[in-house]
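Next, two complexes with chain A in common: one pairs it with chain B, the other with chain C.
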Partner chain A sequence: MKNYLGLAIRRKWHYAYMFIAPIIVLFGIFRIYPAVQTLLFSFFSINIVSKEYKPVGLKNFLLLLEDNTFLRSIENTLIYTVYIVMLSAFLGMVLASLFNSKFAFKKVFRAVYFVPFITSTVAAAVVWSYLYDPKFGLFNMLLRLVGLPTRGWIASSHDALASIIIFSIWKTLGYNMVIFIAGLQGIPDAFYEAAIIDGAGPLAKFFRITVPLLSPTIVFIVIYNTIVALKVFDQVFVLTAGGPADASTVVVLQIYKQAFENYRFGYASAMAFVLFVFVILITIAQYRVSRKWEVQI
Partner chain B sequence: MGSPDLAALPLQPWKLFSKLLFYAVIALFGILMVMPFYWMIVTSFQAPQNVVSFPPKWWPQPPVLDHFRDALAQAPFLLYYRNSTVVAAIEVTCCLVIGLFAGYAFAVYRFPLQGFFFILILATLMVPIQVTSVSLYILMARLKWIDTYLGILAPNFASAFAVFLTRQSIKSVPFDLIDAARIDGAGEIRIVATIIAPLVKSTLATIALILFIDSWNDFLWPVIIINSEWLRTIPVGIAFFKDPYHISFGPLMAATSITTVPMIVIYVFIQKFIIKGIATTGIKL
Partner chain C sequence: MRRMVIISLLLFVVLAPGFSTGVQEKKAGPVTLTLWYPAGEITQTTRAYRDIPNLFAAFEAANNCKIELVAVDYDTMQQKILTAMAGGQVPDIGHISTTWMGGFLKDKGLYQVPEADAKAWMAVVTPEIQALSDFGGGKMYGYPNWGIDIYGLFWNKDMFKEAGLNPEAAPKYWADFRDTSKKTSVTNPDGTLKRVGYAIRHLGHPHGIVDKWHWLLEGTGMKFISDYNLLKGGSCSFNQPNARAGLQMAYDMVYKDKSTSLEFPDPRDCLLKGLASMQISETISIQVRAPKEAPNLNWGLAAPPAMKEGTKPACSVAGWCTSVFAQSKNINLAYRAIKWYNGKENDYAQAKQFMVTPRYTENWAKEPFSTDPYIKQFKALLPYARVYPRSLALNGIMTSIGTAVQKILHNELGVEAALVEAENTANAAIKALE
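Right, the complex of A and B next:
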């Protein structure tokens, strides 16, 4: 490649800067500047109407520690993340190994499994809010049909978070499955053929060939699902709005409510800062682990 | 392709059983995946008194259009469609053009601070809109962009993901082609537009598709920045159609059908391309 990079290319600096200028300027204004502002604003008390910015030191962060709703939202977000990563990734892998063989209507089923993922989260959650309705929803009707006790689903503080988790697994399962199928197809048949000659059973093949060779995909899926789960908002907003009584609230919903319902912009910035720390920690973990596994995306 | 070819196996009794079990599992999950959409469509055609009947009516008898009439009277869906289309079209176009030129610069040129700028662009992926929304809103207020198209578009004029993927793709283009074009007297902008763009068109199509789906389904930023009903995109419109104090499921399901069924129909025709694009890039931001 180096042969082609003659002086003619090196001299075209002004073109290089001209071509990257739009994205650098746009990102500078609309992404990097607000990111720095978030960090800064978390040490201020802000009144957006009178445009007053009063420095309050660490007060916002100290208030966060005593804000039970916020602590609840962190707990819920972490519970949500753990369940999504474990169940959606695990089911995705199981389904992908089923799909990694030839069978009739395979492409049709794959397309069907993927439908929830491409549908808008908001629209899908609106449909599920109907399915989950304690009185007229399909889930309770089905439970009644088979004679089982009905549940409160999104209307009950006990079931609300679980209901959101079930919805999100339904929504993301197809994506995880498709990524796992792509990973499985990258494993050469020769490994399995050699294993069969050596007398390996299906379980030995799964744990000694599939899992180790699929590790890069597993790492990618876990990291990707974790970051998406930490940012969960749409389905919570639609299904429960964080209720009943904050039972299913999550971090981004708290940021939204504090900033755009209570107009506490400094306080919401402090929450955003906490979320940012979580995302950065996961990203650093991703960088470390993916270098180890040489993840290719 | 590791597992044996199930279809080719002779049917001994236990193999028949395992094959049945296999199909049962696949079909069960398939039913779980489409059941919500099926119920949405059935309910939207159901006669009003049948929506709340027990046991549930699995098929609308006879199908009626009452709920669609109610839904259309309650909200301007055509306007929501127009807003979502305008926003998605502008976002996809800007991201593609900006991404193509920036990707070309990073793939072909060597210039001071190249690595720094590239890392800077990728680093923005670590700071999602969920983190920056509060201060971005304050910036929008200062620019007087709240409740405007510009405000909705502001964070999405450019995409780091588009730059990254076009750069990868352009790197595999032989540099001879670029040199030959230069000798023929083509300017750099013309080279990108007429030589590079056609060569990486499948990458550009994948990027366009993923960006379109993202923009179409985007909710958090639009719901923050939009106040007026006439600016609402589809997700914002449908979220506010759901009135928590007066839920009428028939019109609500008709409204979600109006906003999702056209997209699902398009998906049916291009699903192979969508799934392949997402499986190979692995990314949906």
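Right, the complex of A and C next:
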């Protein structure tokens, strides 16, 4: 410890720590402290106004196992996550490959695909709720025009989750595309030139060169999209409020309802903690699996 | 190192005032009370705050105070109040839904109206206002506002006539209601519905679904909870033969009769746009919207259909309440303000201005309330008025029933299974608050 301190002072590390101290403090106050507090709250029954805390042990967690709506929300959240990660990442990679080549108005198209990402989720969801209207919405109007049967979209318990997934893919595609473009531009042309010389076609180049060398980017995209997808809330709240009939309810929405509609803060904290554990475990698992096939240039 | 310490101290001295908590020195002068009310046109009862300038002027002058009116987004107002209560920053007065009050009472968040005032109020207002005011044993936690809303059956008289039905008579019982829905629905050549007979609510917040189906649920004799006056405790029993029959009828109207559909908009929109011949909803909403959105609509208003001969219709009564929050730093002044605001003279003047129902029995006897045709129609529904239970678990109870109705209509669960699930969830919600 003394050696470390001596080294730190000689190398003036204290200046560096002073500069990052504010953000560390803020991170501790607004991230670490609430997370720890949530974990503690999950073992209590709480009256948030009168500040009464009644310890209940593991009761909140045991109640979660009997809560069919919460279990349904976990199922929906996992289904949503799998589809979003797979489709949004895959389509992002395809678009990035297309936009990595030269063609007219490339920048305009790139901007068009990126704009949904910077649009307010709530505002976009409100607009899409009109597009999804089964009677007067644009989507059903187009389906009728081409002679296809109409869908219930967000008004149908069978289509509600799929409708949210479609919206979310539209929303996140641009971001994934941009990250993949950055990754693609980091791959030296020499590899492609060598492949051309060896007679590789476009598909071979894509699967044998692009995908392996893009693996660090793919890992990042998969992990990032997974974390974001597991915490989905805004579009579900606006488009369907978790309905109809809990068909599109997700974990964060259940946390919100239990805390702010049913006033069960301890129970909601238990849900939040379960979600936190889910996110950590899935992220660690993904990271470990992806390290095995990651290729570094 | 010394230089860094000096620079840090100087920065602190310069920047520290900017990080002050914003607590201002108490200025001498009138006390300011804040009143939160829901923004927009979610309820007609807030029109006074928007449309009457200097609404509280007389009270402010007499009490050397100022009342600041703050419009709050309705969708998150309940949560904002709860958060404000948790943070100790609650407003003095709230214009709140009576269905929210249980949740605030759970946290001892509302000031109880003094017993003597409560007795005096109950003695001079109409029975449905008494029911809305009473939180068990005559206790009051605020004053229900004028312009309470009641659910009624609206029908399009022209569509009835077109279908060969008496345009002046609404269906009285479920059997003819179902029959009327079949006769007045219109299908396209491809078999899809062009116009539904009865427009239904099946989307959105479960509470809203319970509101729209209340006529059927309570019309079967089903009770939301064993004792409507209990704040805690009680039990729910939804899986009753009549409740099953009623919800089965609703399901059959969608899938067997095909006289209604899940693909049509909100029931009120349907009626106003000519997409439905009947709908059951809040009466004030149609009264206000019809002249603007459907000036040619020839509509009738009656009580929703009763289950069968010998039974009575059920009309849900919803109300808003002016209440004082228990954490208010000016409780006595705030209470005097709401007592003044809900006095007889204000009740008459505002109900007359906005052509809605007053609360005092004496005001009902005055013009225009005694002769106005709409008010008379409204009054005809009042004998069937039903208020929601006072239970602190009302949120959980309504969510469970609303979700059950959704699951039945969306083919997620059968009628009995849905009601059993709702019963278990509602009872769990009650138990969680004991």
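Throughout what follows, the second predicted complex is superposed on the first by the 253 of 297 C-alpha atoms of A that agree within 3 Å, B and C clash if a C-alpha of one lies under 4 Å from a C-alpha of the other, contacts with A are read in each partner's own complex, and residues count from 1 in each chain.
One rule holds for everything that comes next: a residue touches a chain if its C-beta (ideal position, glycine included) is under 8 Å from a C-beta of that chain, and two chains touch if they have at least 3 such contacts.
Everything quoted here is computed from the prediction, not taken from an experiment.
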| item | value |
| --- | --- |
| Contacts of A:261 with chain B and chain C, given as first, second, both or neither | second |
| Which of chain B and chain C A:241 touches, first, second, both or neither | both |
| Which of chain B and chain C A:124 touches, first, second, both or neither | first |
| Chain B versus chain C as contact partner of A:54, first or second or both or neither | neither |
| Contacts of A:16 with chain B and chain C, given as first, second, both or neither | first |
| Touching partner for A:288 - first (chain B), second (chain C), both, neither | neither |
| Which partner, chain B or chain C, touches more chain A residues | B |
| Touching partner for A:133 - first (chain B), second (chain C), both, neither | both |
| Overlapping contact positions on chain A, where the chain C interface meets the chain B interface | 15, 48, 133, 135-136, 241, 260 |
| Complex contact set, residues of chain A against chain B | 1, 4-6, 8-10, 12-13, 15-17, 19-20, 22-24, 26-27, 29-35, 37-38, 41, 46, 48, 95, 97-98, 100-104, 107, 109-116, 118-124, 126-131, 133, 135-136, 138, 141, 144-145, 170, 173-175, 178-179, 181-182, 184-185, 187, 189, 191-192, 205, 209-210, 220, 224, 231, 233-234, 237-238, 241, 252, 255-256, 259-260, 265, 268-269, 272-273, 275-276, 279-280, 283, 297 |
| Chain A-touching residues of chain C, taken from the complex the two chains share | 4, 78-79, 82, 85-86, 103, 106-109, 202-206, 262-265, 275, 395-396, 399, 403, 406-407, 409-413, 421, 425, 429, 432 |
| Chain A to chain C touching residues, read off their complex | 15, 18, 47-50, 68-69, 133-136, 150, 152, 154-158, 240-241, 243-247, 257, 260-264, 267 |
| Of all residues in chain B, those that touch chain A in their complex | 1-8, 22-23, 25-26, 29-30, 32-37, 39-40, 43, 51-52, 54-56, 98-99, 101-102, 104-106, 108-112, 114, 117, 120-121, 124, 126-128, 130-139, 141, 154-155, 157-158, 160, 163, 175-176, 179, 182, 188, 192, 213, 216-217, 219-220, 223-224, 234-236, 238-239, 241-242, 244, 247, 249, 252-253, 255-256, 259-260, 263-264, 267-268, 271-272, 274-275, 278-284 |
